[in-house]
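Following are the structures in question.
Heads up, the next two complexes both have chain A, just with different partners, chain B and then chain C.
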Partner chain A sequence: MTVKELAETDIFSPVTLPCGGREISGVYIGDLLSWVMGRASSGQAWITIMSNVNILAVASLADTSCIILAEGVTLEQEIIDTAREKEINILKSEKSIYDIAVFLSKII
Partner chain B sequence: MKELSLNILDIVENSVKAGAALTEISVVEEGDTLTLTITDDGCGMTEEVLKSVTDPFYTTRTTRKVGMGIPLLKLEAELTGGELNIVSRHITEHPLDHGTTVTAVFMKNHIDFTPLGDLVSTIITLIQGHPDTDFRFVHKTEKFEVVLDTRQLREVLEGVPLNTYEVIKWIEEYIKDQYIN
Partner chain C sequence: MSEGLTFHFNVDGEDFTSAGQASVMMKKNLRQLGLPPEIIRRVSVAMYEGEINMVIHAGGGVADVNVTENYVEIILTDSGPGIKDIEQAMQEGFSTATDSIRSLGFGAGMGLPNMKRYSDYMHIDSEVGKGTTITMRVNIN
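== the complex of A and B ==
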């Protein structure tokens, strides 16, 4: 499934989608950025509640297919602009991390 | 990072790469605050570099396009209601007193405060990895003050490298003893 296809499902809406065609290879969940940086792998969708600009760098380093902001977390406009510039896909959802993970396990 | 001591390792590596002869690592706990200060006499940073150093997409490494040491430390300090400050004097403008000081203030009682971790192992790792560089380590609380200065050790050791097994073991015990007493 691609990031764009995921963004079109009921529980997600896109924040930035510069590379919507990227295939999602799996899922990683975590909020401790240094931990995620070393463990998330290329192509995974990364679910987090962190909203600091550093998440963009972590997503870029780990080469995740997209960041999924869970539990209604929002980003400042400046961070959204940087994400577009760095070509990082971001989706958001009102659902809990657990609900998102359960949902993804059924469709990926 | 999972422990503050891992952040210290990361930040001090920057000092060593900047050619520091002496790097001072100080952890001072006073009331609700914990202040981490890392001061080196390395080449320092230009104002332009200093401005971009908290930007996670900046790095001094060429192998990757983002450098996360300072941005993560800043985030962790701010998560507790603290802050991070950097002062730097570049060698071209300050040929005699160049270097960088990174200061991170944490609110110890905040629920998101990162545990300090194993400071002794961190210091030992640094000395082992950089035996030709000097380190001064201070950990001060209201109850104790731990100090290690490799310059003083060098005087006594008369040329024996600091990363010799027996020396490293001795340093480790020396620091640990100060924590107990």
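== the complex of A and C ==
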């Protein structure tokens, strides 16, 4: 499944989608950035509630397919602009991390 | 490429929001050089962790990267407070980061362990009150 296809499902909406065709290889969940950096695999969708600008560097360097902001977390416009510039896909959802994980386990 | 390509970056210690820029830039450079994705990922993660450490603990520093035929070498140099007990600092979960740093998602005590995990060689040269130099190598072949 691609990030764009995921963004079109009911529980997600796109924040940035510069590389919507990127394939999602799996899922990683975490908020401690060094932990995520060390453990997330390339192509995974990364679910987090962190909303500071450093998530962009982590997503870029760990090469995740997209960041999924859970539980209604929002980003400052400046971060959104930077994400577009750095070609990082970001989706958001009002659902809890658990609900998102359960949903993803069914469709990916 | 026998003599290697060198890259130099200044890591700004004042601006935490731009931390990681050198690593992101280096990742682009390695992509352009056509290195395998897994090597690029390992270099990127190891360098980013080092860069973040320099910003959090040392007020910035410099990063020098040397790309040779056989390995990518990253040398991180700072004039920060130095590491008092390297063995303790290498333990997963050990951290001296402040609460404000932790609230940004850092300070999990994974920085140095991740650097070791993602590099094939790592050497820490540190003197309290003088600074720290960390050399890491990721083998290409």
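In this section, the second predicted complex is superposed on the first by the 108 of 108 C-alpha atoms of A that agree within 3 Å, B and C clash if a C-alpha of one lies under 4 Å from a C-alpha of the other, contacts with A are read in each partner's own complex, and residues count from 1 in each chain.
Please note the rule applied: contacts are C-beta pairs under 8 Å (C-beta built on N, C-alpha and C of every residue); 3 or more make two chains touch, one makes a residue touch a chain.
All values derive from a computational prediction rather than experimental measurement.
Undergrad: With the two complexes overlaid on their shared chain, look at chain A and say whether chain B and chain C clash or fit.
TA: In the superposition, chain B runs into chain C.
Undergrad: If you tally the residues of chain A touched by each partner, is the higher count for chain B or for chain C?
TA: Between chain B and chain C, the winner on chain A residue contacts is C.
Undergrad: Return first, second, both or neither, reflecting whether A:Asp63 touches chain B, chain C, both chains, or no partner chain.
TA: The second partner, chain C, only.
Undergrad: Counting only touches as set out at the top, which of chain B and chain C does A:Asn54 meet: first, second, both, neither?
TA: In the superposed model, A:Asn54 contacts both chain B and chain C.
Undergrad: Just to be sure I read the superposition right, which of the two partners does A:Val102 touch: chain B = first, chain C = second, or both, or neither?
TA: neither
Undergrad: A:Trp35 in the overlay: touching chain B, chain C, both, or neither? Say first, second, both or neither.
TA: Both partners, chain B and chain C.
Undergrad: For the combined three-chain arrangement, which segment of chain B clashes with chain C: 9-17, 27-35, 153-161 or 171-179?
TA: Among 9-17, 27-35, 153-161 or 171-179, only one stretch of chain B overlaps chain C, namely 9-17.
Undergrad: Would you tell me the residues on chain A in contact with chain B in one complex that are also in contact with chain C in the other?
TA: 32-35, 37, 52-54, 57-58, 60-61, 86
Undergrad: Using the touch definition from the top, list the residues of chain A that touch chain B in their complex.
TA: Touch list, chain A to chain B: 32-35, 37, 52-54, 56-58, 60-61, 82, 86.
Undergrad: What residues on chain B touch chain A, complex-wise?
TA: For chain B paired with chain A, touching residues are 1-2, 6, 55-57, 64-66, 68, 71-72, 75.
Undergrad: In the complex, go through chain C and note every residue touching chain A.
TA: The contact residues of chain C facing chain A are 16-17, 19-21, 23-24, 27, 37, 41, 44-45, 48-49, 52, 104-106, 108, 110-111, 113-114, 117-118.
Undergrad: State the interface residues of chain A toward chain C in the complex, per the touch definition above.
TA: 31-35, 37-38, 42, 50, 52-55, 57-58, 60-63, 86
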